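Listed after this line are the structures, all set down as structure tokens.
Note that chain A is present in both complexes that follow, paired respectively with chain B and with chain C.
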Partner chain A sequence: MKLVKIDKKQWAEGLESLKKSFRLLGPVKEDSYYSFKALKEGEQPDFSFLNTRLSPKSLLFPQSEAIVEYSLDERDEDHHVMKAIETDDSPRAVLGIRPCDAKAVTLVNLNFDTSEYKDPYWVKALAATTFIGLACDTPKSTCFCTSVGCGPYHEEGLDLLLADEGETYLVKILTEKGGNFLSTAGLEAVDEDTTLFDAKKKAAEAKIISTIATDNLKGQDILDLHEAPFWEDISFACLNCGTCTYTCPTCWCFDLQDEIHGKSGKRFKNWDSCMFPLFTLHTTGHNPRGTKLQRVRQRFMHKLKYFVDKYDQGIMCVGCGRCVNQCPVNIDIRKVCALMNDHKVDEQACAVQE
Partner chain B sequence: MLDYIDKIKEISERLLKDCSVEMVIGFRKGTLPMMNEPCFARTPEDVGQFVWDSNCGINLANYLTDRKERIGIVAKGCDTRNIATHIIENKISREQLVVIGVPCKGMIDKHKIATLFADEIQTVTENGEKILVTAGGKETPLNKSDVLQKNCAVCTHRNPVFYDELAAEKVEEQQDVDRYADVQEIEAMDTQEKWDYFESLLSPCIRCYACKNACPLCYCPTCFVDEAKPQWVGKGQDPTDVRTFHFLRAFHCAGRCTDCGACERACPVGINMRVFTKKLEKDCFEQFGWEAGMSLDERPPLDTYRPNDPNDFIK
Partner chain C sequence: MQNPYVPYPVRIDDIEVATEDKSLKTFKYVFLNDGDEEKFSYQAGQFAELSVAGVGEIPIGIASSPVEKGFVKFTVFKAGVVTSHLHNMKVGDIMGLRGPLGNWYPWDFLEGKNILIVGGGFAFTTLRSSIVYMLDPANRPKFGNIDVVYGARTPGMLLYKNELVEWEKRDDINMHLTIDAPAEGWEYNVGFTPPVTEQKAPQGDDDTYAIVCGPPVMIKFTLPVLEKLGYAHDHIIMSLENRMKCGFGMCGRCGIGKELVCKDGPVFTLDQINQTPREY
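Right after this comes the complex of A and B.
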């Protein structure tokens, strides 16, 4: 891992010349919020953002993606044959992704790229992408990344990590892909020793004031948590909207939908949400998670218990704070995590019941 | 409004102590500035968590749907109108409820206040008509009247329309407000301008359905967007499907909407979808002299037939 220093003006020129060989995606300001967009000629990413309103997971896993198409016209030779829709898998780079969102990509990858199953759309998009991270020197008060195995200078999932330093970027080259990106840009990189970078990292980590404890989650009994008395109180306010799941960089659930116009059809992979009753509705009409309490419990149990037990990689959360900030009724995962982590079964109550 | 809370707590405690109700629904302090969380109290001790300030914009009538208990509910003017609508539509019965009416002076618009500051907002406190915002370590005073939720700024029913208990003296209703200026602006557009306006209005929509789920009127066991046989609307991000959802939802609220603003407040991406329901609310007012939820005895215009209807299309 090498650390270099690049002048910001040169960086901007380098990006412009890179557009010949890379599709560049970066944060762009729209009205009062930021989102990741393909950068047009002459357009530079706007790095003055705290974070984007929606996570960049949609760059690899779009909210709605056509995956196959078919003809229902029996006069066509290949009618009723599913054909993959061609995707653009040419090299591209995501500029300015925050370290939490990059770590989230590695968590989602656990689901979409396994030895048994591979989601070809995700796998191809991921392989085509170089991730250029932007370290967070001014995190928000709702960021709790340092409690969940991440941090404002975290490197997981990134190919390069940029730290803003006045007129220059300090750039940590983390992978070969990252090195290639810099050399393709023809950027003049001056070697830099790590003192300043390390100091900035330490200062940024100290600015993360929100913390959660997750140490007991693994040891908790699944059924004890499932039957815990706090779920009614937690779920009461919930509207069962999809805000938390849709803004979450680690939520990976999707639905398949066929849409037919006349004699031609397309199959779409759409984001789905465990908050929606339809998510678990059986064709019989039975719904195993028919109540709000069951759905809210599922979301938190998945993120803070089932995932922990299954993958042994901590919780399914990178501490970006999007759900905390955007939930319409202020259901706060930090509060829920504390309740789950601190949960103790009331032994006396059990004895009485028995 | 901060001084209401003692009275709200006192009433709630009394109702729970003398077993008049099994639960009281109110708000507790949120974990972020300008956010309170709807919550319930089942014991007099639980009442301690209740708060009341200008961040109680979520409509609590939404939490009554099909509940079986005897319930005390803290309710602003608009909440009581939606409770009345719920009673008329048999989603709860009057006998189950003890309404703790709150004369309201308006809720503040968290989306608007957030856009006024470049830095993250750290705290927001209030003192009567003054709202004090701390952002980036700097304090800025705002006039509450400048940062009210849009619906609150033009509200003419701040006092509960019915109640069993009252948390404070009634407030003066706003006079001479132009209730429909925003709708008239859109009505004045030509077809193409309207279409462009709707398109840009709805373009950030992620179809999380926070708007319909925050709305007390949206209680269908299965919403039309979730129907599969037949499937009325696609579930992806096609603009036609997004529009279909918003337009149909609005029409479904015609003659029922109280303009409580919960939909707009709940939207995580700040869409003012309220203009759709507001237009229908205006039409109902102008054509039928109807305002939803003002009475427990009168049927809404769209589910009533009168033999002496002046229009002849129905005869």
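Right after this comes the complex of A and C.
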């Protein structure tokens, strides 16, 4: 691991020349919010953002992605045979991803890259991508990354980590991929000692004042939490709008849908949400999560209990605060986590499962 | 890297109406490409996604048995969009198969054990696969007594009737077929599956396992009967259903707690199910 210093003007020029060998994706301001977009000729990423409204998970796991195609025209020799859609796996780089969102990629990877099955669309996109993180010196009041195994200078999932320092970036080279990126850009990097970087990191971490406790989650009993009395209150105001799951960098659920145009068609992988009743509706009309309470409970139980038990890698949340900021009725995962973490089964009451 | 979303292309080789009300049809498929049948090698109890270009995919239990070669069979109830479309398809049509998916009845573990099978309605598909597997001359010596309780509304609603009649004649399997109400020419049991199970099924013991598959109401009334007969919860094996899409544990919808029915199941013991939220 090496720390270097790069002049901002040079950095911008380097990016421009990189566009020949990399697809560059970075934050761009649209109306009043930021989102990750492919940067056009001459376009620079706008690093004056706190965080993007939607997470950059869509760069690897698009909201809608064609995965399979086929012809329905009986005159074609291979009509109705379903074939994988070729993907563009040329090198790309995500510029300015926040450390929380980069860690989220490593969590979602647990779902899409397993020993038994691999989602080739995710796996190939991930392999083709270099992640250039942007450390957070001015976190939002809703950021709680430091208490969920992450932080404003967290390095997991990143190839390079940039810290803004006046006219320069302090750049931590974390992987070979990151080193290649810098050399391809032909950037003149001056070696730098870590004093300033470490001080900035400490200062940034101290600014994160929102914290949650997760230490008891693992020891809790699944059925006790599932039957806990607080779900009614938590879910009362929820509109099941799905904003929380769509904006979350760690939510990975999806749907598969066919779409046909004339005599050809494609199958798409689309984001889906446990907040929607159709997600689990059986054809018979029976719905195992037919009520709002059941769906809200599923979201939090998945993030804060099932995931914890299944992977033993902490909770399925990186503390980005998006769901807290954007929920129209102010449902706050930090409060829910506290209820779950502190839950004690009332010895008097007998929690009988139906 | 194997792409789990891409189905093997198959041709419909035969379609058979399976019940008198025509609500179920059995589809026989052959693989279009050499080698795909071997890649699809499966165990009794697994399912597959039947994939129709332009329409969608449905999870269906594999009704043929691993000991039957050259084809795979599924029996499908006409229920909604994809199943209705399938019911209108013809012999020769091309579609796709993804799988085999999910776990299976624990055959290795069940060796040397007595097996009680309880099935109801059209949930007899993977049970048929299992019976054909156990009755195969190479496998029959591996198992103790085999009892089968299978009930349907009427004689015409029983699946795989010709085979049931053949099995009735054998002395290495005890068949207990039943229909809801007396019918002309019916020479077997009359009554719902749970009471017939109570009368005819063997007592539970350490070496006897029950595999139960059927509509929710049958399950609800059969479980207490099995308990009464002495079957422990870890001796009762069930196959669950949930709405599914991917079938291989990624899309997230079929979860019951931390278990995914498509990948960690669909086969669970009652003991395991008791430890999960009952979201199925």
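Methods note: the second predicted complex is superposed on the first by the 350 of 354 C-alpha atoms of A that agree within 3 Å, B and C clash if a C-alpha of one lies under 4 Å from a C-alpha of the other, contacts with A are read in each partner's own complex, and residues count from 1 in each chain.
Following the convention adopted for this analysis, a contact is a pair of C-beta atoms (placed from the backbone, for glycine too) under 8 Å apart; a residue touches a chain by one contact, two chains touch by 3 or more.
All values derive from a computational prediction rather than experimental measurement.
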{"item": "Fit or clash - chain C, chain B, common chain A", "value": "fit"}
{"item": "Touching partner for A:Gly242 - first (chain B), second (chain C), both, neither", "value": "first"}
{"item": "Partner chain(s) touched by A:Tyr306 [first = chain B, second = chain C, both, neither]", "value": "second"}
{"item": "Inter-centroid angle chain B-chain A-chain C after superposition on A [Cα, multiple of 10°]", "value": "90"}
{"item": "Contacts of A:Thr280 with chain B and chain C, given as first, second, both or neither", "value": "second"}
{"item": "Partner, of chain C and chain B, that touches more residues belonging to chain A", "value": "C"}
{"item": "First (chain B), second (chain C), both or neither touched by A:Asp233", "value": "first"}
{"item": "Touched partner set for A:Gly179, first chain B, second chain C, both or neither", "value": "neither"}
{"item": "Touched partner set for A:Arg289, first chain B, second chain C, both or neither", "value": "second"}
{"item": "Which of chain B and chain C A:Asp255 touches, first, second, both or neither", "value": "both"}
{"item": "First, second, both or neither for A:Gly149, with chain B first and chain C second", "value": "neither"}
{"item": "Chain C versus chain B - closest C-alpha approach in the superposed model, Å", "value": "6"}
{"item": "Overlap of the chain B and chain C footprints on chain A, listed as residue numbers", "value": "255, 257"}
{"item": "Footprint of chain A on chain C - complex, ascending", "value": "1-7, 9, 32, 51, 53-57, 79-80, 83, 93-96, 216, 241-243, 245-246, 248-258, 263, 274-280"}
{"item": "Interfacial residue positions of chain A with respect to chain C in the complex", "value": "67-68, 70, 72, 78-84, 111-112, 114, 116-120, 123-124, 222-223, 226, 252-258, 260, 265, 267, 269, 272, 274, 279-284, 286, 288-289, 294, 298, 301-302, 305-307, 309-310, 353-354"}
{"item": "Residue numbers on chain B that touch chain A, as the complex places them", "value": "30-32, 35-40, 58, 62-63, 114-115, 120, 122, 206-210, 213-214, 222, 226, 234-238, 265-270"}
{"item": "Complex interface listing, chain A residues touching chain B", "value": "32-33, 50, 53-54, 63-64, 140-142, 233, 236-237, 239-243, 246-247, 255, 257, 259, 268, 270, 273, 276-278, 324-332, 334-335"}
